[in-house]
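So, here's a batch of structures to check.
There are two complexes below, and they share subunit A, which is joined by subunit B in the first and by subunit C in the second.
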Partner chain A sequence: MSESYYATLEIPSQALHAWKYTPWKKLHPTGKLNEVPDDFLEAEVVISMMDGSELPSGISLIKTVSDDNSLFRYDDKAVAFLLAARNGNTWKLNIEENTVISSPVFVSIRASGHLSISHIQVQVGNNSDVEIIWSLSGEAGWFGLLREGIIGHACHYHEGVEQDLSPFSTFLRTESWNVGRDSTATSGLLSLGGELVRSDLRTTLGKGATYKQFISSNNKGNRKDNHHLQLTHPVGNNQSELVIHNSCDGKSRAISTGILTIAKGADGSDASQIFKNLLLSKNARADSIPELEVLADDVSAAHGAASAPLDPEQMFYLMSRGLDSEESESLIVGGFLIAAFKKLPRDSVSDWLKGRLTIHLDCNLLE
Partner chain B sequence: MPTNCVLSISDLHVSVDGTAVIKGLSLEIQKGEVHAIMGRNGAGKSTLANVLMGHPAYEITQGEVHFNGTPLAELEVFERARAGMFLSFQYPQAIPGVQVGTFLRKSVQVVRKDDCPTNRELRDEIKAAMKVLGADNSFLARYVNDGFSGGEKKRLEILQMLLLKPKLAVLDETDSGLDIDALRMVADGINSIVDDAACLVITHYQRLLDHVKPSHVHVMIDGTIVKEGGPELAVQVENKGYDWLEPANA
Partner chain C sequence: MSQDARDAVGDYRYGFHDPENATIRFDFGLSEQVVRDISELKNEPEWMTEIRVKAFMHFISRPMPDWGNSEMLNSIDFEKICYYLKSSKGSETDWDEVPEDIKNTFDKLGIPEAEQKWLGGVTAQYESEVVYHSIREDLEKQGVVFLDMDSGLREYEDIVKQYFGSVVPYSDNKFSALNTAVWSGGSFLVIPEGVHVEMPVQAYFRINAKNMGQFERTLIIARPGSSVHYIEGCTAPTYSSDSLHSAVVELIAEEGAHIRYSTVQNWSANVYNLVTKRGVAYRNSTIEWVDGNIGSRLTMKYPAVILKGEGAHAEVISVAYSGEGQHQDAGSKVHHLAPNTSSRILAKSISKNGGRSSYRGLVKVSPKAHNCKVSVVCDALLLDEDSRSDTYPTMEVANQSCIVEHEASVSKVSGEQLFYLMSRGHNEEQAMGMIINGFFEPFTKELPLEYASELNKLLEMEMEGSIG
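Let's turn to the complex of A and B:
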């Protein structure tokens, strides 16, 4: 997709739900809104097995070059920008049919330089069962990640994503996923890095599919973390669940917008969205706006949002066990963030995310 | 003050939101003693427990409290815990996302700083304490009080007490919500610390006191102690209720 195509798209209006809180002009790396800089560095992508073993047959990561190889059709300004900026480069992570592995795959994406980019496509073949840990790191001033995934039929796909970019980075992440018939997919995201982060994550469920997304975002200083999540049930008898826990300290801000769409005729859909925010300072702010568009009759669709400061009774309880104020707060915040991962079905994924969060919070205590 | 005096309360007055709840209470507890405070709902029993631990909602308006010779007012909540005070809560808080095992380890590390067990020693101690309380290993992986039954919450309180080895244990309605077997296990836990600690047991009923023998029993009505005695007083209260102890009837 070319820069000229990008230039033909209108700058998204802030009247749109997805663009209300972080406009494109704040995200664009140079501010020249119809230009795509030509000095992007490709992020380094490395694949390995968590247990140190060799990558099994049936799993491959290859780099391809093509001008037009996105899995989905887009008319989104940000996606068109990323497709133009990547210079045709695409990483393809392919998991063949019937691939079943017992140890998680580890994919490291490291973004360096002033401007960095990565386009990754994930294709999971039918009847596969895999766990993938994604680590996003690096010192890039601006990093754009476009990830696309097609999960075949009757698969189990479980991923954990740690985003721990430099605290000064701007991070634009856009994703589109299809979860195939009778497949189960879960995603746990730990969002820690970046000063300005916008993630636009869109998932479409097939018949009988289950998709669950659990997000923990730890915000401090001037960090702004904006998640826009779209879950679409075009057909019925499937299940989606979205849980987001944001903790906000300092002058940070967390924004969570969600659109849950259940199409006409998609009966038997079961969907829920829960947004929880923990506000740790008077200048911190959190906005959670779940939206439902339900066009089918026989469905279960629920959503809820809550923001609260630290519970003084929880603080008292922990302090009565000898923990000082700072230690108590850290434990409550850590617990709040970890609790978002409570329903992750695979221990290898949830344990890894919890471990990474614990290290992150322990480092914060030492600062 | 005698050297064995762990807790000394003198003419304590406490207010909550400007309302007087404790109105002149005095009490001394020595090491090795078990004091029971009985009283109706609203008598001020739980207020006393919370004040001792330092809950910020309660204001001491008059009187003094010393814990092991130190004025309590000088100690923050966490410093009281580190100095050896333990409160078993009537309604323990849930801390979602924090595993019991992690919580116990952190708590033991700060409270028993001078006598901190190694990880292996702590594991053995936890195992032994859980056996006393009839709790299984899965307890440790669960989140603190999150989704716990009333009985499980009380067991976790006592498990913490056993591991923290307090000098003063204040047990606020620890018997409520327990079936008879759980009550016996919790009582065994309390009995195992009484030789080395002072205990203040707050309760409505005598049933816990069938298993934990108090050396002193105090009856509290309207924010003050109206009657003191030995274990026989608890039996009298159980049989006769509290009306006969009302100041107007006494």
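Let's turn to the complex of A and C:
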């Protein structure tokens, strides 16, 4: 997709749900809103097995160059920008049909330089069962990630994503996923890095599919973490679940917007969204907008949102046992964020995310 | 009634109408001159004329909102609406003096009977002017001012000048600008300090003329320590051309005051109901909106409360019923600006026969609003596969110490509940009706008995023939 196409798209209005809280002018790396800089560096992408073994046959990561290979099917200024910036480069992670592995695959994406970009396509073949750990790191000033995936029929796909970019980075992430018939996909996201983060994650479910997204976001300083999540049930008899836990300290701000759409005729859909915010300082802020659009009647759709401060009773309990207030707070925050992952079905994924979060919070205590 | 009108009325329960007996009717369409003429006709002070003209300028300069049901909004033709129509010669104080045809209309709606029994006062809006106005003597003795808005402007100009547009300025949105430009009628209610109006005060609005826009303006001021329950009911005859109802309601609850504003809206299914309702609650005061939306083609109404004083409380209970071709886009907004404020929003909706219900709400907690508590609950029932339910809640929390809760659910009527009732001898239609009445119960129990029973009847009628 070209820069000229990007320039033809209108700058998204803040009246639009997805763009209300983080306008494009704040995200654009140079401020020249209809231009795409030509000095993007490609992020380094490395694949390995978590247990140190050889990458099994049936799993491959290859780089391709083509201007016309994106699966994104909607016009969006951010998507068009990233597609123009990637210069045709795409990493393709291919998992062949019937691939079943016992140890998680580890994919490291490291963003460096002033401007960094990465486009990744994931293709999971039918009847596969895989776990993938994604690690996003690096000190890039601005990093754009396009990730798209097609999960075939009757698959089990479980991923954990840790985003631990430099605390001064701007991070723009757009994703589009299709979960195939009778497949189960889960995603656990630990959002820790970046100063300004906008993630636009869109998933479409096939018949009989299950998709669960669990997000924990730890915010401090001036960090602003904006998640926009769209879950679409175009057909029925499927299930989706979205859980977001945000903790906000300092002057940070967590924004969670969700659109859950159940199309006409998608009977038997079962969908839920839960947004929870823990506010730790007087200047912290959390905005939650979980939206439902339901056009079928034989469905179950629900959402809930809650914002609250630290429970003084919990603090008292921990401090009466010898912890100081910072340690107590860190423990409570850790417990709150880890709780978002309690429904992740694979221990290897949830344990890894919990471990990374614990390290992160311990480091915060030392600062 | 002419055959055309009878055909247009169809089987709508309140679909009778009186021959238009207008004494003054403006041409269709809106211009600065029309705005000035309305003001001149009413012999208004200069400052009001200027506000009207400014509002008109704002109205024409603003685009149509690009959210909500843009398709329906854009189908409104403002040039085909009459912006002022005066039906009788003036405001009446005695029911016997009200013109017979107008009285017949209200007789059919049961107003005098209700008034005799228990209502504190009646102001019936018939097209653009108040035709009947009464208030119980004991309220007058207590110093309660209950007038139509035009009389309020004449008799209490200083109060109107102070508060008019102070809660909903004309620049708030396109339709508040339209209302400010062409407003006519509505209620002006001032409750003096410490006065508790025990009986509900009621106004009844009704559109009679074809292509008639109705733009009433209501201002309620509850002085410190006072309380009032104001009831507004709407029902309109069915016509084949579209009508527009664009009201503005401003509530001011001063320290320790309590205002409850109840609405049962049953416009016929060709009316665009685009209303701005907002209240400001000062220290330790309470504002309650009890809002029922049954009729209209498109309703966009989000009763709002600005909690400005410490300890203020807001309560919003709203129900919406969407039938064929209807879109009820309703909700609520609460701004917590002060510490120790609290709010509770309960929204329920039912969609059937392809109707669409949307809850659109905003809860905003400012950095200074310490220790506030918010609860938002939205429940929706879908009765068939052609209907639609949307929920668009927004929660913006900028204070650490507050507790905000929100929950929503969308579902169909449970088969188990239906089975339970049918196994006890009810047919499916009756069982469904009982479940729906139970679903709306948190709303109906807040209404006076007469309204609650009328609402239940309306819902029963709407449900007729919906099974099988």
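The rule we apply is simple: the second predicted complex is superposed on the first by the 367 of 367 C-alpha atoms of A that agree within 3 Å, B and C clash if a C-alpha of one lies under 4 Å from a C-alpha of the other, contacts with A are read in each partner's own complex, and residues count from 1 in each chain.
To be clear about the criterion, a residue touches a chain if its C-beta (ideal position, glycine included) is under 8 Å from a C-beta of that chain, and two chains touch if they have at least 3 such contacts.
Predicted model only: the values in this text are computed from it and were never measured.
Enquirer: Just to be sure I read the superposition right, which of the two partners does A:279 touch: subunit B = first, subunit C = second, or both, or neither?
Expert: Second partner only.
Enquirer: According to the contact criterion defined above, which of subunit B and subunit C contacts more residues of subunit A?
Expert: Ranking subunit B and subunit C by residues of subunit A touched puts C first.
Enquirer: Tell me the contact category for A:15 with respect to subunit B and subunit C: first, second, both or neither.
Expert: After superposing on A, A:15 lies in contact with subunit C but is clear of subunit B.
Enquirer: Contact-wise, after the overlay, does A:307 reach subunit B, subunit C, both or neither (first, second, both, neither)?
Expert: Second partner only, subunit C.
Enquirer: Using the touch definition from the top, say if A:265 reaches subunit B (first), subunit C (second), both or neither.
Expert: The answer is second: A:265 touches subunit C but not subunit B.
Enquirer: Per the contact definition in the header, classify A:289: touching subunit B only (first), subunit C only (second), both, or neither.
Expert: A:289 sits against subunit C, while subunit B stays out of touch.
Enquirer: Quick one: classify A:299 as touching subunit B (first), subunit C (second), both or neither.
Expert: second
Enquirer: Per the contact definition, I'd like the list of subunit A residues that touch subunit B in the complex.
Expert: Subunit A residues touching subunit B: 311-314, 316-325, 327-328, 331-332, 334-339, 342.
Enquirer: Which residues, counting only subunit B, touch subunit A once they are in their complex?
Expert: The touching residues are 53-56, 76-78, 80-82, 86-87, 89, 92-93, 95-98, 103, 106-107, 110-111, 143-144, 160, 164.
Enquirer: Hey, which residues of subunit A end up touching subunit C in the complex?
Expert: Against subunit C, subunit A makes touches at 13, 15, 17, 264-265, 267, 277, 279-309.
Enquirer: Could you list, by residue number, the parts of subunit C that touch subunit A in their complex?
Expert: Spelled out, the residues of subunit C in touch with subunit A are 66-67, 367, 380, 382-412.
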